[in-house]
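Chain IDs A, B, C, D, E and F follow the sequence of writing; residue 1 opens each chain.
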Amino acid sequence: MTNQRKQVMFDELSSDEIAEAAKASTVVIFPFGSIEAHSTHLPLCTDSIQAEYIAVEVAKKTGSIVAPPVRFGICNATRNFPGTLTIQFNTLYALVHDLLSELVRSGFRRILIISGHAGNSHMVMLRLASQDIVSANEAKGVRVMVLSDFDFADELIPEYAAVGDGHAGTIETSRVMAIRPDLVKGKGKADVWRMPRFEVIAHPELCIPSAVHGDPTAATKEKGEKINRYIIEKVAELVEELKR
Amino acid sequence: MTNQRKQVMFDELSSDEIAEAAKASTVVIFPFGSIEAHSTHLPLCTDSIQAEYIAVEVAKKTGSIVAPPVRFGICNATRNFPGTLTIQFNTLYALVHDLLSELVRSGFRRILIISGHAGNSHMVMLRLASQDIVSANEAKGVRVMVLSDFDFADELIPEYAAVGDGHAGTIETSRVMAIRPDLVKGKGKADVWRMPRFEVIAHPELCIPSAVHGDPTAATKEKGEKINRYIIEKVAELVEELKR
Amino acid sequence: MTNQRKQVMFDELSSDEIAEAAKASTVVIFPFGSIEAHSTHLPLCTDSIQAEYIAVEVAKKTGSIVAPPVRFGICNATRNFPGTLTIQFNTLYALVHDLLSELVRSGFRRILIISGHAGNSHMVMLRLASQDIVSANEAKGVRVMVLSDFDFADELIPEYAAVGDGHAGTIETSRVMAIRPDLVKGKGKADVWRMPRFEVIAHPELCIPSAVHGDPTAATKEKGEKINRYIIEKVAELVEELKR
Amino acid sequence: MTNQRKQVMFDELSSDEIAEAAKASTVVIFPFGSIEAHSTHLPLCTDSIQAEYIAVEVAKKTGSIVAPPVRFGICNATRNFPGTLTIQFNTLYALVHDLLSELVRSGFRRILIISGHAGNSHMVMLRLASQDIVSANEAKGVRVMVLSDFDFADELIPEYAAVGDGHAGTIETSRVMAIRPDLVKGKGKADVWRMPRFEVIAHPELCIPSAVHGDPTAATKEKGEKINRYIIEKVAELVEELKR
Amino acid sequence: MTNQRKQVMFDELSSDEIAEAAKASTVVIFPFGSIEAHSTHLPLCTDSIQAEYIAVEVAKKTGSIVAPPVRFGICNATRNFPGTLTIQFNTLYALVHDLLSELVRSGFRRILIISGHAGNSHMVMLRLASQDIVSANEAKGVRVMVLSDFDFADELIPEYAAVGDGHAGTIETSRVMAIRPDLVKGKGKADVWRMPRFEVIAHPELCIPSAVHGDPTAATKEKGEKINRYIIEKVAELVEELKR
Amino acid sequence: MTNQRKQVMFDELSSDEIAEAAKASTVVIFPFGSIEAHSTHLPLCTDSIQAEYIAVEVAKKTGSIVAPPVRFGICNATRNFPGTLTIQFNTLYALVHDLLSELVRSGFRRILIISGHAGNSHMVMLRLASQDIVSANEAKGVRVMVLSDFDFADELIPEYAAVGDGHAGTIETSRVMAIRPDLVKGKGKADVWRMPRFEVIAHPELCIPSAVHGDPTAATKEKGEKINRYIIEKVAELVEELKR
């Protein structure tokens, strides 16, 4: 069936196409992101579009479908910048829990959550909500994976970027150049966050005035394409593992 | 400034562009929708894409920006269909409350919420969250409008559709034909929902097996374009009113 | 059994009488209302006493019992007037959910909620709580209807009142004159609310300084009696439908 | 002003009468109760009508007004009997908190809560909600008293009833005979609850099959009248203390 | 098995020792306390160490184990003193509910909660959480007792202390002298709390400036030892009752 | 003042000693832990006693005081083992938020949270609660650090343990041998957890049957003492930084 389907986006299908997809044990790839400050050269949706791009490419490759992206996440470090839209941890938990419940109700049993935003609180909430769904639906054999595309992107740091490359740095800028070059404005400037190791502070933005951690000037579209291809391959392997 | 901005999408801008837009008293248009069964001829995202299309067109016309769309809503009538992704009323309230708070924190004072899904519970939650934001930020002069594009579309029923036209009917199908013709599959079939007037039931889907209320076979792209144009004009007037 | 019972009020019965009533498949009529400003000529309990009156009369007529009235509701438009006692939407949901659960635990399977207050948020919360009870108790065959007596009263507007008649207007004033004439002070004054169609505002009371929408001076006790009789008949039919 | 007012019931007044009463520093007496099994001879509303009767009499005597009674409370011991309508502790807290907030918003500063139900969890929730209101409104000088009419009724046990007299016993039955003789069915039977001192159990009703703790056969209307008169006097003194 | 176990503290055992203890139907004694002002002569942990001492002694005597003490409770009267650490009622409920659930999941079916703090709100929350656990686990035969060691200590008031002895008074001071003499500083001073009987106030500390209710100068280590011994004996009897 | 104080434990002090300590700008060290399976050779309280030991030693060294330890945490990996007592993320958040609020109310402005349990969800909740306290009390200059003693212990892995050493492994076993040798039973057995990298599973215990990750047989008391000394030194430096 998946071969004939024209769309990979869950919500571009009709209800009966979804029922059919569920019956065919289709894997659902669920992209999450954030809307947060990414310096002056990258858009607020930087995290989101990376995960969404990967999700769509992997879905095409593996006959999966892509759940409606959730661009709202928990952003602690950038929470005081204009344009960052951070939500409370309870809100994210409830949203993820509700949506996974609905996927399960619709008949899906294999879900891969991929988050372009890799903030620690954010990832924890994705995992806690998933864990509660998996435990509550044990009898139905529901399986859920939760990852960030940066789990794989970071494996390429030695090759494509300097050690410590991160937020709005070489890799992230390269990837956006490959996905949505129209959204990249200029080349950015290399910088380093100076967040305290242990202190929890009211004004993290003072430690990261440029909202860059790494060197965006070293970014190229070619790097981005290679990194994206690598991540697509790796995530596709996970989808195949979920199918088994 | 708004004339030079290339993007209208909030999250395709950078943090400093957002700061600038807020300083310029830019209106934020915030599209909401749903992911719910719309018969076999329309996609699950039917509600969402209509509001998003209107939002973008009005934003272009009025120099506004479009907040990241929220496609998750409360869907009671279609909640047992495969593919419907309904969320709990508390989740929607929290999400809207969090996001409006963040817009206000970022400096925006004029927000227009437009929802392609017009379910009663859904609209009430949008309004209650907005009301709490408006009251809590009275001193800042925050103003919020909440409407459904169907508030205007329904004004055209006598002209373009039979009385009672609704979910996945003539108007809605026409509008999707005008916006995303690639997502329309066939012509659908006319039908009527037979929901009990007062009884709250566990299986509303049995009263609306086709998930159609109206006559989609009377839909045309031309009707959809005219209806959309009308709505755009009306919503643009509201934006102008908000600017004052 | 119901014929011999002297009381129709649920809470004027004893525990064993309730057990017996539940066993006899008695319908429970559950009146809701509000405590909110109704101009200078009507009391704060205006909404409540109308629904309670209807509930008692229908109960007598149909052998039903009347659950302890809930006078606390969600009042948005009048929420800044002295004397309005509005509660949060979560509080109303919890209260209704708790009470319906207890009726079901006590053995009742047929419940009709009638609300004298017809505010949109209020009605939505009554319906959402009812829906969750009905779905959770599907196996027990629990049935719940939710309506406002104004659903029927409004059908008589062409006959007894001017188009648009509403809050503290002809119909409502007439009905209170018929039910509790001692609580009506003077004749009131005709007025119209000028609430914005879409804007959610911090001070709705400024749009409705008199808290009247309609013409109370056209009210008469006779009109009230006829309207009440009509509603009683209509609600009694619903109760009979519930009994089937 | 209070002398001219015909009604003592808060919600039988109009919004402007309430504003006037608040301005005149009127004390609000707020009756709470329960709906719970009281053996076969007393109605479910036994607790409620006692507090409401006292509230009205004290209000008349002291020029106070009576807030709309809340008959819903937390009933642990009788929670498994048919007809008992117990609510969750969070629901009661929220309801009391919302309603006291609204009284304060309406301008009242002196509130006396009198509960006919004296269950421990119930009283604690009344007090916790009141405490939070008092602390949050310290600057406004809000004062709240919380008591049960049984705090005074029990002072008369040596005189009118045997030691240990309680639920549906001599005093309570006598009081209902004086207040609503039409709701008393027969004389009841003396019994004793045998609740475990420390164990928290799933079926307390097995320890109190008759739902009587005391001797209702010793009840008389005359005792009831004297007890009620005593309580009225005592509560009136508290109201005077609140006025100071 | 219980004879060979060296430790009585639940959390000093290993996971498999716990599994074994659960299989052997071991009773879990769960000490609760508070951290609150106890005048100048007693430490903040006064309530906690009394319950913990009793718990350990009873556990040794009866072959039970002692769950990890919870020193956090609800302290209303002393809530404005420095050093008092009071938690919200919802927090205590959630904590107790979570922990009892985990004991049940680990296989335990007999639990005795003993609280050194006997504040009314505090005890109610312990009981409500326990009640919900007992009802939800009826099929598993879970039994829970909830008491304060002061339920027994107060039985000795005529013998060891003046009537009305309470917070930081003769009995409490004596008990701490017997348990942790190193934590007693000086002899304290006799005093009486003058809390209003019914009014709920923002500043209870003004009614109890010394945080003493009773006469600590009459305290002796010998009294404390005798009282503790009495309580241990009484609680041990309850444990035996739970074993049956 | 801190030199004369005999106790370092917050709750072994009296209310006035706490007031004095707060006035002297004393740092509060707040130890957190867990109660979770740590194989057969270590007790359930393993995480807790390490953090508590460090806290006390650092407090002695720096004139700080130690807040009452919280041994209840979020344990995902070991949550199905007998004896693990995991609490919900909302419960931990609420508890930490309440307790930090109370420390701030008591006058403290410098708090160091040290957690012996380093689970990701657990640390995130400690940080989120702290962040909310710090932001809400910005005007008071409240500063909070959050760390795990394993943040420092892990720095010594190359020296004292094999790469990957973790739960109940060489370092943890050595540390417990140095702190509470009486709680160590035998030498344990080397093992490796085989948790899936991304999949969120219902039965993590099947991936870690021994609840060991590392080689406990390589543990020695001497290693433990050295590691503890190193951590104490490092944490003491943080306390000094907080004092500035």
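Couple of notes before you dig in:
The rule is short, and it goes like this: a contact is a pair of C-beta atoms (placed from the backbone, for glycine too) under 8 Å apart; a residue touches a chain by one contact, two chains touch by 3 or more.
Not measured: the values here are computed from a predicted model.
For the two copies, subunit C and subunit E, the CA superposition rotation is 120 degrees, given to the nearest 5. The interface with the greater count of contacting C-beta pairs, when C-D is set against B-C, is C-D.
Averaged Cα coordinates give subunit A a centre that lies 49 Å from the centre of subunit C. Inter-chain spacing, taken between the CA centroids of subunit C and subunit F, is 56 Å.
Shared interface positions of subunit C, i.e. residues touching 2 or more other chains, are given as 90.
The touch graph of these protein chains is a ring, one cycle where each chain has exactly two neighbours. The residues of subunit B lying in touch with subunit C in their complex are 76, 89-90, 93, 120-121, 123-124, 127-128, 130-131, 134-135, 138, 143-147, 151, 196-202, 238. Residue ranges on subunit D touching subunit C, taken from their complex, read 6-7, 9-19, 22, 35, 37-45, 48, 68, 70-72, 78, 81-88, 90-91, 94-95, 98-99, 102-103, 106-107, 182-183, 185, 211.
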